[in-house]
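Below are two complexes that have chain A in common, paired first with chain B and then with chain C.
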Partner chain A sequence: MLHRVIALARIMFLDGVRRHALIGLVALAMAAEAFGFLFMDFFGRDVGRASSDYLFSVMWMAGLIFLFFHAVQVISWDEERGAIYALLSRPISRGEYVLGVFFGLAALLTALLLLLGPVAYLTLLWIKQSLNEVYFPVLSSGHFILAWAGLLAMQIVILAAIMLFSGLVRGGFPVLLLSASYFGICSGLPVVRASAAQHDGQATNLLLQVMTALFPDFDRLDFKDEVLSEVLSLDMTPILTNFSVLILYICVMVSLACWFYGKRDLQ
Partner chain B sequence: MLVLREKGFAVKSALWLASVIMAYTLVFLLQESHVKHAQYELEPTLPVQLQQASLGYLHQLGAEMLHIKAAVFLGGIRSAVAPETYVDNLADHFDIATTLHPKLLDIYYLAESSLSWIGNDSVRRANHVLDKGARARPDQWVLPFFAGFNSFYYLKEHDAAAEHLQRAAAVEGAPRWIGHLASVIAGRGGDIYGGLIWLKAMLADEEDQEVREFYEKDIRMFENALTVQQALEQYEQRHGALPSTLDQLVPEFVPAIPDVGPGFRLAYEDQALRMVRP
Partner chain C sequence: MIAFENIHKSYSRQVGEKSAHVALNGVSFRLGQGETLGLIGANGAGKSTSIRLILDFIRPDQGKILLFGEPPGNPAQRRRLGYLPEVPSFPPNLTCMDVMRFAGDSCHMNRASMHTAAEKWLTRLGLWDSRKRLLRGFSKGMRQRASFAMALLHDPELLILDEPMSGLDPIGRAEIVDLIRELKAEGKSVLFCSHLLNDVERLVDKVIVLHQGEALFHGSVDELVTSRGQSMEDAFLGLVKGRA
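And then the complex of A and B:
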């Protein structure tokens, strides 16, 4: 089974790499990262922090564009082109097909962020070297990698949700709408929860806690504020717990996607 | 024949394209001549919860955009514009930006330089923003120092100023004189005990002999003032109210009102004993 999933993931990866739109996205994101040199000029004190925020924001936006303009359409493209029937006529199950697509897209997303991450780090390093220490005291590579890994984990969660919606409904646009709504709820829920914790009763807070299990709180993996911290002095237990929760969440979402796709009428 | 016809078509197409571009340029220039460059206004911001929910991972970038917007507005403002017309929106910008990204220092510097001089309300809003900064960036002595300066200079609230300055002095790397300043302002505000305790704590930590002597001199002055403070408290215990002048303490509670100079003089204002710079 594994070699069939890997083979399909490889096809998905190569298909994505050949797409001009994705090559353009990489070029645009790298140009936006280089724009960090201009963005830092708007700040007079915390130049390192502002530059780091900007570069992580560029990576986040590039990942979201990939997810909402490419990943949401992959399964529906296959269905429209009839490519999926060619794949399914071979000895590959629908679940293997979903897994193959998921791993292929996850590999593409990782490759995109692997290209942008070092460029962002080198840009930060260059900015740091061009400034007095007061304006950019520390650039912690350990924290940078942690923030990068957090960003990747969050976007793979969104990808897993896209796989689930692609398994549930037909067509790229409905998947886009569902995925955008899912992302909106994930972003807004922590704000509602923080507000409810101050005013509302136990029942509301319990309901919001259950909702957080369904729509994970991405803030828990946002470590970009720590990139300028002195040493890797974070308490690793909650960090590992947060990563573990998201990995298990991804497993649940992808398993559900496989199950629903296996049940769906493709005609 | 065919070649000539094709050449004629190409010339016509080029002429058509040139005339369309020329027409567009003329109409565009006409449109631009009617545009009046109005003063850039600072529009009200959306509520902070809405911004947090919509920005998500980009909340730090959102705060930085608000900072840039405020900086551009302040940079282009004309001197004839009354600050009262924009101060509320400006303070909202800083308040929301510091909620979205409490660690970014630039916002606090801009808030201090643009809000503190306008009026008492704006000073209080600047101090509210600076308090958030002091909590988010406990490594920065300058943020509580700004708040202390605002409380002392603009609001004339000496106790609050001393409290802010004591927080600034406690930050690692803060200049030593801030702690001394906090003691002096505490004395000015009527908190003789607070000022004395702070001076003694600073003396205990100080290794430089010259600075130690400086502190010891100030401690003697505060201790002299403290004898008067204690006499006031005894007077209040016995008579149920504070005296109207310090002379009423002599000789029953203190043999004489001590000299706390040369750096200070004792003042009895609003039924509080203060150490005032002469």
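And then the complex of A and C:
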């Protein structure tokens, strides 16, 4: 099974990596990161934090553009163009197809962030070296890698949700709408929960907690504030727990996507 | 090889349609080892639906399908068959060799035998020099031939060909007809659908005439021609018009 999933993931990766729009996205995001060196001039104080936030926002936006403009359409493209028939006429199950698409897109997303991550770090390092120690005291490479991994993990969760919606409905646009709604709920739920904790009753709070199991709290994987932290050692237990729960969540989402896709007619 | 027994299939009602579309209504046929069977009919007759049911892309509402003696849901059965889709399409940014490698990997072929088979079929179909070009630059006929090479790469026992001559120029059509004849002579079983009756007449042992989801005739080409008219086209039109 692994052999077939890798074969499919490989062609999904190659097809994406040669797509002009994605090459343009990488070039644009890298240019935006390099622009970070000029960006710092707009801030009189806390230059390090502003620059770090800017660079992580560029990586986050590049990942989201990849997810919402490429990943949401891959399965519907295969169906609309008829490529799905050529692929599934091989000894590949529908579940293996979904897994192959998921791993191919996850590899593309990782490659995108692997290209952008070092550029962002070098830009931050360059900014730090060009400033007085007072304005930019700490840049931790370990924490930068952790923040980068957290960002990647959040985007892979969104990718898993996209796979689930692609398994459930036909067409790129409905998948885009569902995925955007999912992302909106995941982003907004922590704010609602914090507000409800102060004003609403137990039932509402319980409902919101249950909803967090379905729509994960991305803040738990957001470590970009630590990149400039002077506290160099972090408590790894909650971090590892959060990553483990997230991997489990991704496994459940992708398994459901495989199951739903296996039940559908490919009309 | 294939048993298709009393199959009914409807497509669910779409927005704006009054009722579900009945694609197949009680169609049955069999394809044995080494036989060539042609499914003929006008557009919408149910030819492609039959093929998609055999490949488990869609599932029947009623009836039983057996592929190599078992229901077609098991992907491992597809190691023994090669399929040419009606519209040859691949992810557009792949090369011909990427597709061949995928086809070989999916059937657990080792790299050397995959390369040998790819060279054999791509050369035979006139694509070896274009093997490193991206498929998005291929014409429809080239994509059709690439798709054929992919279907033949793993030396399948059964070939399922959905409109194999569509999109080909007369020379390309003649080459594909020759190739199907060769494969038939090698003992491969072939199921193919087409609305090009001359090609069907030249290639098949048995024929099924489908019209609006029903099988109007099942037998040899000679039986069809002698019972209904002077040529296969006359016979086909006689059957279909008689039904209408």
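Some observations on this one:
Definition applied: the second predicted complex is superposed on the first by the 266 of 267 C-alpha atoms of A that agree within 3 Å, B and C clash if a C-alpha of one lies under 4 Å from a C-alpha of the other, contacts with A are read in each partner's own complex, and residues count from 1 in each chain.
One rule holds in what follows: a residue touches a chain if its C-beta (ideal position, glycine included) is under 8 Å from a C-beta of that chain, and two chains touch if they have at least 3 such contacts.
These numbers were taken from a predicted model, which means no experiment stands behind them.
Of the two partner chains, chain B is the only one that A:D225 touches; chain C does not reach it.
In the superposition on chain A, A:A50 makes contact with chain B only, not with chain C.
When the two structures are aligned on the shared chain, A:S187 is found in touch with chain B, with no touch to chain C. Residue contacts after overlaying the shared chain place A:H199 against neither chain B nor chain C.
With both structures placed on the common chain, the touch criterion links A:G82 to chain C but leaves chain B unconnected.
Residue contacts after overlaying the shared chain place A:M154 against chain B, while chain C stays out of touching range. The part of chain A that touches chain B in the complex is made up of residues 42-46, 49-50, 53-54, 57, 60-61, 151, 154, 183-184, 186-188, 190-192, 195, 218, 222, 224-225. Contacts from chain A toward chain C in the complex involve residues 3-4, 6-8, 10-12, 14-19, 77-78, 81-83, 85-93, 96, 265-267.
Chain contact summary for the complex, chain B toward chain A: residues 49, 52-58, 60-61, 64, 67-68, 71, 101, 103-106, 109. Interface residues of chain C, counted against chain A in their complex, comprise 11, 52, 55, 57-59, 75-79, 81-83, 85-94, 98-99, 101-103, 105-108, 134, 147, 150-151.
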